[in-house]
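Next up: the structures, one after another.
Paired with chain B in one complex and with chain C in the other, chain A is shared by the two complexes that follow.
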Partner chain A sequence: MDENASARLTRRALTVAHRVSLFLAMLVICLPGIWIVLSSLRPTVEIMAKPPVWIPQEVSLDAYIAMFSGIGKGGIPVLDYFRNSLIISVTSTVIAVAIGMAGGYAFARYRFRGKSGMFLGLMLTRTVPGIALSLPLFFLYVRLGIIDTHIGMILAYVALNVPFTIWLIDGFFRQVPKDLAEAAQIDGCTRWQAFWQVEFPLARPGIASAAIFAFLTCWNEFALASQLTRSVNSKTLPVGLLDYTAEFTIDWRGMCALAVVMIIPALTLTYIVQKHLVGGLTSGAVKG
Partner chain B sequence: MKGLKPSAPFLLLLPAIVVLAAVVVLPLILSLYSSFTPFRLTRPETFFVFIGFRNYLSILSNADFWWAFGRTVLLLTIALNLEMLLGLGLAMLVEKATRGQRILRTLMMFPMMFSPILVGFQFKFMFNDNIGLVNNALQSLGITQDAIPWLIEGHLAFIAITIAEIWSSTSIFAILILAGLLAMPKEPIEAARVDGCTPWQTFRYVTWPFVMPFAYIAMTIRSLDVARAYDIVKIITDGGPAGRTELLWTLVGRTAYSDARMGLANAMAYFSILLSIAFTVYFYNKLAAARAQIGAEW
Partner chain C sequence: MATVSLKKLTKRYGNMEIVHGIDLEIADREFIALVGPSGCGKSTTLRMIAGLEDISGGNIDIGGRTVNDLPPRSRNISMVFQSYALYPHMTVRENLGFSLKIAGAAKDDMDRRVAEASAILGLDELLERRPSQLSGGQRQRVAMGRAIVRDPDVFLFDEPLSNLDAKLRTQMRTEIKKLHAKVKSTVIYVTHDQVEAMTLADRIVIMRSGYIEQVGTPDEVFSRPATRFVAGFIGSPPMNLHEATVSDGRLVFSGGDSLPLPGQFNSKTAAGDKVVFGIRPDDFYPTGHGLSSGGEAEVHRIELPVSITEPLGNETLVFAEFNGTDWVSRMLNPKPLKAGDRIGMSFDLSRAHLFSAETGKSLRN
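Showing the complex of A and B:
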């Protein structure tokens, strides 16, 4: 065996090892999701079968039909939950992004005293665990009479999202060269006009990603929602999942079906923004 | 205070400050106050009884609390370190791939789209001792005859929770570290190779210092949201069996809403807030340091 042949062999072995480990990693990542989708399509008997049935014998959409057919027919008020989730998420996202744009612009374009302290301070408000915040909020909301309302949830979610939208939008505005806005101002724009006509359009994809990220945070949030919502008036989908659990039993099939309904919008939106999101988070990482 | 006009950045930041003050800071002040009272939801008049540090003293002598505290720190330490390592490994695997990088990158982000509560249900389902995927697979492959009581035995339940937590958050590290790897200039690596570095040395002294700020960004983002483990634990075991997987956050929730002892729960909540703040400040400072180092070197 000469050296060339053995080198070639090592290289091939490395390639195969790389492929195999990549495949295994992706399998571990995807399998739980695939399993959920599969379980939502199988009859409960098959899910509970012992020994397990690996290959589905019959596939049906019964779980989805039951879910949407309303209370009393094995369904839960999923349409109400869906509407609540949508209203709360969209409204709080719009407000959070508006506030985040103002704040992000301030951090990206101005120098002022206590800037980094301020930035850290805003971030720290995000670290308060939802469950810890829910105690005083619960008390306050009961006093103000906005427990179990959309307004209450929207307020809470705006506050939850503002620190992060500021971080992201700050990153996107930093990627827009300062000179462009200055050139526009020299050409006679006011700062306001320069912002809307030059900087905003350039940062728009990034701001859109910040919006989607905020939307997903609201869409998926559970710790606050589980304490601040009580009924179909404001219960969101993550809290609605609990409707499938009883004291000792869980309707796995129905739950898997609702999980799929929840995950589809999240999946689509995340796919759209993934590239911009990473750009916004890491901008300024290389040059501080 | 000179001049009548407040500065522009202050005005721009005002809405954010107002919202956060109203929804986060004000409630926190309220809860700080109530942590000094024996407040119970069922007896509103107790809100105005001042008992000083008695809640805090009773927490300090409460073994359950310290177990939960220790368990939370342990979970975070194990999970964050493993997520970092696995994320780094995953990012490097994907970066090496010659074909299908786009698809791989999308697949890699898959767990990020799952709400923590979904992750909880999914793993509760998979680790179910009777019908779960994990036991079914182990039994079908003949690795074990008996059903492993994943969520019924204390240590196994803790392992199951750690796995769920790692599964859901590794991709944040992977995606950000991958961004770092892709943004990295190729010349230093080539130079290192020409100079005779081993692959390990190249990684340790060239790649890693460059990727580090990206890893710290991921750490900072994660530490902003460490309490999302609450959702997962709440669903998978709800602190059980017999309190063996009780974390700080589930303990706070139980004391506040099941036992209705708000004052005591608020005192506990302050420990969890301080824990989160400690994590975040630590990684934020690391991030700043790593950025400064990169700025000097490249």
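Showing the complex of A and C:
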């Protein structure tokens, strides 16, 4: 066999090995998700079986049907939870991104007294575990009378997300050369127009990623929500999962079915927004 | 009419004054170059004219209108940035038409003006591309096109060629000169490159540490530098500048060597004066290999050792040792020389310069 043929063979073997290892890695990552989907479709006996049953024997949509069947027939107020989750997550994301844009822009573009201290302070708030805040927050909310309300949850989530959105968006505005906004002003824009026409479109990937992160944080958050919500007025989907636990039993199948219902909107949103995440848009603006 | 007039223009950052009350009158359609080393305040001055920096004092008039507090968009100027500052999310066409779009121009008017600008700069092929798909020279042309489209009263250029390689820079320099001939607007051009300033400008403003050192035509600043700084800054290779003391009609250098005091300075100096003697490499040459100025009586000949040579093809820079240091001379019709050779050198003293050692001002006037 000549050298070229053997080099070709080695390359092919490497490609195959590469793909097999990628497949295995993806399998490990996806397995919990697959397991949730499978568990939502089969009876508890099979879920709890030891050794585990890998291939489902009985597949049914009973858990989904029951979930939407209403109180008394094994159902939970899933539509109310869904609505709460959506209102709270979307509103707090919009507010957090708006504040993040204003704050990130200010940190990226302006010099002001105490700038680095403020930035550090914002980052330090992230070091406090959310669960540690739940009790003080609970007392505060009770006094204010905003326990078990949308507004209470939105406030908590905005506070949770703002440091992160500011930090992320600041980084993206820093990458947009200052000259561009100045060129736009010379071209006839006001400061405000220059921002929306030039700087905002260029920082859009960063703003979109900040939005996704903020939304997913709110959508999936459990610790604070479980303390600050009480009823269908404000309970979100993650808290709704607890409805499947009774004193002595846990309905694993129902819980998995609700988890699938939670995952679908999050996946859809991420899919829609990801096309805005294309980076490298600023290349070619300035020297290079 | 787009005259530009700066009166006592000042810029301060906190307690630090960067531009110290400069005065400058720029005529309509004039090409002015602001030149100086980095940190001399030339870019800050340009940005104040553009409205990108607030002014701390003084007055800016454009076309007879005071614009001190007007935002950039109300000054009817356009600017080409060193970094080009093209909008990366827009095509070349959109970049060119952006200012018209913001101004709310009609579609056909916009198309016509973009077409005109792209024809002037040869951008027709590139209109649908994005800046990231262009070469440096093409980006530079788009940046200039964006400036032309606005049909401004004044063009501002902020070191527009410094990001290009040497060959492209020469080429774009010619294009800018042609462009000025075509569009006939007032141009203020900032550069640290004295060759750009000399080749492009009608008048050159030489700045240093926030002050104007001299304003004059390229010939004036080259032949009659007002200060020692201008003499050293303009010209390549730079003028030979050495401190000396006037004594008995001679200039005595620190190393002990001396030259006759050039005749034109007889009445302007007294014995014991500390001065700086300056002579351009063109006026200090190997005998028989220089430009004759016609003032033969004032040529001083002396034999000096060669320390190094830099052949450039049509000429050779010869570094000759005098007074213990190397003095650069320009040798036309060069002949081969090597280090250590002793050759006859001519100082054309009728073209020499003297500056006050204390103030740096020229003693010629």
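One rule holds for everything that comes next: the second predicted complex is superposed on the first by the 233 of 288 C-alpha atoms of A that agree within 3 Å, B and C clash if a C-alpha of one lies under 4 Å from a C-alpha of the other, contacts with A are read in each partner's own complex, and residues count from 1 in each chain.
Criterion: a contact is a pair of C-beta atoms (placed from the backbone, for glycine too) under 8 Å apart; a residue touches a chain by one contact, two chains touch by 3 or more.
Quick caveat, the model's predicted, so the values are computed rather than measured.
When both complexes are overlaid on chain A, the residue A:100 reaches chain B alone and has no touch with chain C. Residue contacts after overlaying the shared chain place A:187 against chain C, while chain B stays out of touching range. When the two complexes are superposed, the chain touching more residues of chain A, out of chain B and chain C, is B. Of the two partner chains placed by the overlay, neither chain B nor chain C lies in contact with A:196. In the superposition on chain A, A:222 contacts chain B only, with no contact to chain C. Once chain A of one complex is fitted onto chain A of the other, the partner contacts of A:50 are limited to chain B, with no touch recorded for chain C.
Within chain A, the residues touched by chain B in the first complex and by chain C in the second are 281-282, 284-287. Residues 18, 21-22, 25-26, 28-33, 35-36, 39, 47-52, 54, 98-100, 102-103, 105-107, 110, 112, 116, 118, 120, 122-133, 135-137, 139-140, 155-156, 158-159, 162-164, 166, 216, 219-223, 226-227, 238, 241, 250, 252, 255-256, 259, 262-263, 266-267, 270-271, 274, 278-279, 281-282, 284-288 of chain A are the ones that touch chain B when the two sit in their complex.
Within the complex formed with chain C, the chain A residues making contact are 177, 179-180, 182-191, 193, 197-198, 201-202, 281-287. Chain C makes touch with chain A in their complex at residues 50-52, 71-73, 77-79, 81-89, 98-99, 102-103, 130-134, 136, 139, 146, 150, 163. Considering their complex, residues 7-10, 12-13, 15-16, 19-20, 22-28, 30-31, 34, 41, 89-90, 93-94, 96-97, 104-118, 121-126, 130-131, 133, 136, 139-140, 167, 171, 175-176, 179-180, 183, 213-214, 217, 220-221, 223-228, 230-231, 234, 249-250, 252-253, 256-257, 262, 265-266, 269-270, 272-273, 276-277, 279-281, 284, 288, 291-292, 294-295, 298 of chain B touch chain A.
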